[in-house]
Structures are given as structure tokens and as C-alpha cells.
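Take a look at the structure below.
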Amino acid sequence: MNKTSNGNFFEDFRVGQEFRHATPRTLTEADAALNIALYGSRFAINSSDVFAQGIGLPRAPLDDLLVFHVVIGKTVPDISLNAVANLGYAEFRWGVPVYPGDTLSAHSTVLGLRENSNKASGVVWVRSTGVNQRGEMVLDYVRWVMVHKRDPQAPVQPTVVPTTAPAVKPEDLVVPAGLSIAGYDDGAAGSSHRWEDYAPGERIDHVSGITLEDSDHMFSTRLYQNTARVHFDAFAGKNTRFGRRLAYGGHVISLMRALSFNGLANGFRVAAFNAGSHVGPTFGGDTIYAWSEVLETAPLPGRRDVGALRMRSIAAKDCPCGEWPGKGADGKYHPAVVLDLDYWVLMPRRLA
Amino acid sequence: MNKTSNGNFFEDFRVGQEFRHATPRTLTEADAALNIALYGSRFAINSSDVFAQGIGLPRAPLDDLLVFHVVIGKTVPDISLNAVANLGYAEFRWGVPVYPGDTLSAHSTVLGLRENSNKASGVVWVRSTGVNQRGEMVLDYVRWVMVHKRDPQAPVQPTVVPTTAPAVKPEDLVVPAGLSIAGYDDGAAGSSHRWEDYAPGERIDHVSGITLEDSDHMFSTRLYQNTARVHFDAFAGKNTRFGRRLAYGGHVISLMRALSFNGLANGFRVAAFNAGSHVGPTFGGDTIYAWSEVLETAPLPGRRDVGALRMRSIAAKDCPCGEWPGKGADGKYHPAVVLDLDYWVLMPRRLA
Amino acid sequence: MNKTSNGNFFEDFRVGQEFRHATPRTLTEADAALNIALYGSRFAINSSDVFAQGIGLPRAPLDDLLVFHVVIGKTVPDISLNAVANLGYAEFRWGVPVYPGDTLSAHSTVLGLRENSNKASGVVWVRSTGVNQRGEMVLDYVRWVMVHKRDPQAPVQPTVVPTTAPAVKPEDLVVPAGLSIAGYDDGAAGSSHRWEDYAPGERIDHVSGITLEDSDHMFSTRLYQNTARVHFDAFAGKNTRFGRRLAYGGHVISLMRALSFNGLANGFRVAAFNAGSHVGPTFGGDTIYAWSEVLETAPLPGRRDVGALRMRSIAAKDCPCGEWPGKGADGKYHPAVVLDLDYWVLMPRRLA
């Protein structure tokens, strides 16, 4: 009996199929420190227990994107080991905060399938959910990914393309229980700009760049127990269309988030992704820059102390973002763009 | 008085000589996370406190190979700072599990000595033992290593070649106290294959490859406070026969173990090494693949719930292992092979 | 309103100006492990809770230089984001030990300003202080740094050059409260040499070298949330006078300290820097070696058990230090020298 898994290929998936992903993981203070070491994030809420306690939390929660990395990493061996590309995210929403000592596990359900016209691959839509040791939802999202077929001749399931919401509604964003903005310390957080100070259309250049090494992105994906082959195998990488290893797209998201501190320091929680795409590949040696635009500002029902900002952040490689590289009127991206992410962050409001 | 140690050379060793090695080390949750980040290991027992508690342990124990790395690292300044090569291991057996918060220290006794015919070096056999803060054995092994002479003309001790057992007996393998397989969760562990499903002669290709960077192996050896010069000094490395730094052989063992998850996910504990050799050198940039053969299956005295598998695992560089690169009939290894390890893992049995 | 900070330029500073730096940081066991992994430090006091408890401390304190890295990192966005070079340190003194769980924050006051004759930059002197969550001083120092002007034409403040003490006095060194040398374990610490065994003028070659990769120094500076551009941005680095990224000078200090274990293993605490300069730049791929000279030995008031050694340590790149590369009679440094540091370490004395 063959005991080795080569992962699922497109023809192996069925709509409604459920996966319970392997290797629950207890996250610790070490994951918090490594998240800082890998991306240089400076948000006070994830850096200081004292700051977090000042806003009513038991201690510093783990970075929201770390939760994303761990959950998506668990899904890889079942869903995307044979992925061609990660295509998109929707209805992507964080739940209860995750603290050191919490153990995360993940499960997924197949929502849709569509073979590509070349019959070499197809698109798989899954809903994946991460939960803590109490079964509480920490992250829930729809992702679609292009997966190779094992055999181009293999028959496939009927096409099902699920409908996903164009954006997460403000009223569906989760504000951590017990959060109390009265003790929010702008000085420690590094900014006096609050929710009221941002307006739709405003653009922010996050200025700095950070170079990504092969060693860095492999370190992060191993930490997340993400086994996607394209990131780890330089030998096999030589024979791909890129001729080399590909950095994990999530690494770029975290770098963008860390860079966004300069301008968004009070955006203390990533609450949801509305949509996102990895526009181009990133490789070891690339330097990542980022800029953002405020798409929308939304109050939250029942809260006078916290509001939501809908941001669009663009990351570009080897291209400082003072001239706002993005998507042209022709629908084509500036060649330096590697990430285009539409997401909600929570930010303190001015208290009356 | 010279306060600097240049390490011991072959002519400095005496049979019966004892070493108490410096720098006890308290291992923490951070070492657990870094072990995952360095190798991408996915064994549930070392990843999840919930999983470990489900089988009767207080929390997730630290990876067995991490214990090996820390203990062997402590011995380097006294035993192998001037090593030419690490030649072999025998009677290599893990004791009580190690948990975050435990402090490890190590001591060694010289068992044997044999000068090489070129008089430039010789082989030193040592027995080394790692203990926790309660003096309990966590690892005990014999290692032999080729060590430079300071002066080829120096007189040496009489040759003593110790006898070592060809393999660790199943009855000498340590099963962690309190282990209870009734709560073992195959789904979380990632495999439904248990001890009964493996048969001698069965071969398993672990499929994936992982590229090792210079940054990675230096990071790991520094973490283990292993000071062996060949790993750290690129400047001196230029003048060696390899013309560069050499990766720590233990790094390759841990990569092999991590890769073996695909096919051996329920092999939850490395209990002993019977024999092992670092067949060839590994350098930054090499991609490691691995395959394994089941050599023997052994029940354990007094246990119906856990059995032992004697495995032979081969790691090869820049060579996927679908064609089982190994040792030919002529006794010569395939040129890609870098590690040949004979070891015992513990695995749950099917409960009646 | 522009929400992005480009850091302060020389003309933005005023004598007496105060900064409260952003992002307090809770340090954990992970920072202790990463400090070992980044530099290979082997001092027992920072490695073993058992050792630390043996000398009266609650547990292993965090490495003194880690405290330095974290505090100085916090000052960068306000003080040295636009630095040309870090010029010197004075009155640099550690206070209470820092333990896992402590939260550090930092503040600074501008002491002096002097524009350079080329009007393109100027020197800024600041006093910076790190404190723990109880407000206790953990580190206090004066640093001067050359900072770019935004606009060479901009008017500047009057020149004020502060006077700093040439050295920290032994009586001002902080011995951790509760320290009791009676239980100091030389064997665990790795040396039988105590304070009495060192004499002014004695030189120690620390022998080993360690190669620094770009990945390593970026990992460390991100961990310290140090945002200095010169370290992270390989793209912008191409257009600098070096044509590449520059390693963080503090990384070299920590490598020197780790290397100094071989000869100074009982120098358990770095208590003060008297003076220090980063003599030359270090880049990824350089191999760091170090040697030291004992400048002075000083008893400490009221203590028979601990004394202070004033050391001068030199780090050199790609140059083993057996021939003591340093500063020539002409005042010029050997071209391999990258660091010249004058500092105090505490060491146990022989008990009567």
C-alpha cells in the first residue's frame, strides 16, 4: 500500500468534499517573535503585553496574518500541493483573537470546480476554517486556486462556480471581545491619526522597502508547515517557467502589512480581506515596497470607539511607490506590482 | 596564561578521559518553533499540546532530533572542534522526553583511540550522555570522529577500538512514561497507517525536496551552540578541500526526518539510531530528498499499543528519490547520497 | 494630511527636544533563543535557568546586548532613519536585568547638534534610556550619529557639543540585585579563569570566525524593529557609495561578544560601554574574527565576589586576529578592522 501522498490533483476533487487537515499547531510567544523577525512588523498590539492589556485584552494577541499563514499552510497538503497559482480570496474574515498557547487546526469544504480549457488544470474553490482548541472560529475564508491535473485525459466533475460576496460587510467584522479603546496609547502605537483622519481616496506611500531573501521565505513557510513545492525546491525550480523558487505570496502580504505601519500605525487589526490577488511572482532578492489607498470608511454597529477602514494596498518589487504603481485604465498592472489587496482594518475613533 | 581554547587534537585524548561540557541550556517553546521553522517538521506530537495531552503527555515534547542537536553541540568544543569528519554513531538511544523549561547538560568519556596511518589524524570514540535538570538521561550514544593531530610527530596513545552493538535492541527502547495510545488521533497526525501496516522490505519515497541555504545551517548550529569551524567560517572554508563551508550533518538528518512525515506520519518518536553515516558533504544551495526502507518491525515488551519500526533512510542531494539511490552491490554509494541512517521509530499499533 | 514619516533630518532637531519612541516590546524566551541562534553566544548565564538560579537570579536574564539592540532599534525611526553613520557611544550603562516577560520602551533627549562643513549633514547627540514596565532603567547611553540634511540650504540650530565622560566609573556599574557568586559554577560556565587571572595589557585571540549573511543581519534588525534603511533595501543599496546593503553595526558587536566567550567565558555581564566605534562597514558574506586586550581591572565597591574588567575588543573581517590587527602608531586602523569597543564586563572573583 502506497503510504506517500502526492497531494490531490484537479480530477480528485468533488464539490461538497470535506477535509480535516493534519497537524494541529500550538502557537507560542516564539511565533510572535518570529513574526516580527520575518517581517519587521511594529504594531504595538502584537508587540507589547502592556499595550494590549491597556485596551482590555489579556495579553498581546498573535498577528492576524500569522493566523492566516498557519491556517492556509495546513490546507496545502490536501488542497494546493499541486497548485499552479493561487488565484483569489473572498469572504475572508478573522474571528476570535489568537493568543500564545492556543492550538489551531483547520478544515475545508470544496465549493466549486471548473476545468481549464487546456485540460491541463482547473480551478478549485474551497471554504477553509481555522479554529482554536475550544472550536472557536479564528479565520474563515473562500480561496480559489488553479490545480494541475494528474492526467489531462481524466474525466472531471461538472463545472460549479460558487458565488462569493464582493466584500465583507462592516457589520460582519469581528471586534475582539473586551476591547476597550479608552486606554489606547497613541504614543506607544506610534501615531496620533485615528479613524476620523482618513478619507476615501486618500493615498499613502509607505516609503520604505525591504528585501526578501530565499532563506527568509523558506523559513516562514516551514514555520507555517506549508509544504507547497514551488517555495522549497531550488532543484525542481530550475525546470519551471520561472527557472527558480517562488516566494510564498503570503510572505509578501505580511511584508506589505509591516511596511504599512508607516501611515497606518493605528490600524491595529486586520479584520477581513475583501479580495486579493498575487499579481506577479516574487523571488529571493526582490525588494518590496507598498502604497495604500483608502477605499471606504465605515462605522461599526454599536461601537463609538472603533471604526473600520477599507484599504487597497499594492505591493511592488524593486519599485518605490511614490508614483503609485497600480492598475492602468487598460486593466493592466504596472509590471512591478506583485500584490493587490482589498481589506478591512480596525482603527480607534476619537473619543468624545 | 593562555585563556583561549583551540580544542583538543588527537594526541590530547586518553582512553577513560572524562569531559563535563560547558553551557547548560534551558530549552523553551522557542526551540520548538525554530525546529519547525528550520526543517518544516509536521509531526503532530511536537506541534500540538492538545495532541500530546491526548496521548497522556503533559504537553508537546521537544523534537527528539533537537535533543540530539543540543547534546552533540555541547560536546563539540571538547571533542570535535578539530574534527576532519564525523564517522559514525552507535548505541544511540533517547531517554526521557524533553519539555520546554528543561535544562540540558552533557558529559562524555573517551572509549577508544586509533591513529590513522598518515599520522595526520586519528579516530576518537566517545560515549556522550545528555541529562536534564533532574539528572535523568535524555540521550546516550557512542560517536566516533576523525580528529586532526596538532603535530604529526606527536606520540600517541595505544590503539583501543571499542566494540559497539550493531543495533539497539527493541527492549532497550524507551517509551515515554504515561503514554497512552487510546487517545491517539490519526486524523490530526495525518495518517491512518499504523505499525501493522508496515512490512520489512517496504520502500517509501518521501517525494518532496527542500533546499538548504548557508544561512539555514549556520542558524541551526548557532542555536545548538555547536562551534564546529567548518560550518561557520566562509573565509577559512575557501582553503579547505571543498573550497567552502560545509553544512552540519545533523541538519540533513533533521531535514530527512521532516521529509519522512510523508509516509511515516505516525512514527511519532525517534527512539534510537542503530548506525548512521554522513556519506557525502552537503553545501548551501543543495536540495535534499529522502527515501526509506522498513528493515524490521518489532513489538515492544509489555506493550500492545506501541510497536517499533526499524527504518533505513537515505538522503540524497539534487536527486529525487523515486529510483531509490543507495549503496550498490559494489559497496559504493550513488554519488547523490549524503546520509544513510538506520534507526528505530515508535508507532501506534491498532488497538483490538 | 501626510501620515507617512520620512524620519527626522538634521535641521529638524533641537537641543532639549524629547522623543518618546513607539512600539513597546515584550521580550520573551523566544528572544533569548533567537539571540543564541543569531550569534552563537554561549554564556551560561543567558543560556540556563539552572545556572542563573545558582547565582541568585530568578531565571536566565536576557543577553545584555539584546537589550541594547531593542532599545536602540526603537530610537531609529525618530533619531537615525536618515543617518549617514553611527559615530560613537558614551556613558553607556546597563541597569536592572531584563527577563522574559518584561516590556521595554525607550525615550530620548537631544543633547547636542553640529552641522558638517559640507552642509549636507550634521552630527546629533542624544541621550536615550530604555525602561521596563515598572519604569526601571535597563539601559542609558549617549550616542552620536551623523544625519543627512533634507535641504543643504536649510538653516540650522546653533552648535552645541556636549561633554561626555571618557569612561564609565567602576562604582557606577550596576551589579544585579541578589547576585550571589558562591553558587557560580565554573564548569558549567566553561572556564576556571576568574577576575584575578586577568591583567592589564593581556591580549586574547578569540580564534574562531563566523560568517555573516545578509539574511542574518536583516533577521536581527527586523527582530529589533530597527527600521534603518541601509540594512534592508538591496534595491536602494545599489545606488549608495557601497553599492549594497550594510550590516547593522550592532550585529557585529554581538558576534564579537559571542566570539569572546573563548577566553572570557566568565565575563557574565556586559555592564557598560566606555567608547566604541564602527570603524568600517560590514556586508553579507564577511567573516568576523575578534581579539581583546585587558585595559584595566577594577574591584567594585562593597563587593568581594565580583570585579570588573575593562576590555578593548577589536573585530576584523576576513582576517584572523592572531596578529592583533588594530590601530597603528599613525592613528590609522588596519583595513580589516570593523569595530573597536571599550567596555566593562563583570566577572566572578576567587572567593577566599
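Per-chain residue numbering starts at 1, and chain names A, B and C are given in the order in which the chains are listed.
Criterion: a residue touches a chain if its C-beta (ideal position, glycine included) is under 8 Å from a C-beta of that chain, and two chains touch if they have at least 3 such contacts.
This is a predicted model, so every value here is computed, not measured.
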item	value
Chains touching both subunit B and subunit C	A
Same-residue or different-residue interface between subunit A and subunit C, half as cut-off	different
Between subunit C and subunit A, distance of the C-alpha-averaged centres to the nearest whole Å	36
Residues of subunit B touching at least two other chains	28-30, 33-34, 213, 215
Residue ranges of subunit A in contact with subunit C within the complex	28-30, 32-34, 36-44, 47-51, 60, 187-191, 193, 197-198, 204-211, 213, 215-216, 262-265, 285, 287, 318, 320
Subunit B residues within the subunit C interface of the complex	1, 3-6, 20, 22-26, 28-31, 33-34, 77, 100-101, 103, 105, 133, 213-215, 218-223, 225, 227, 229, 232-236, 245
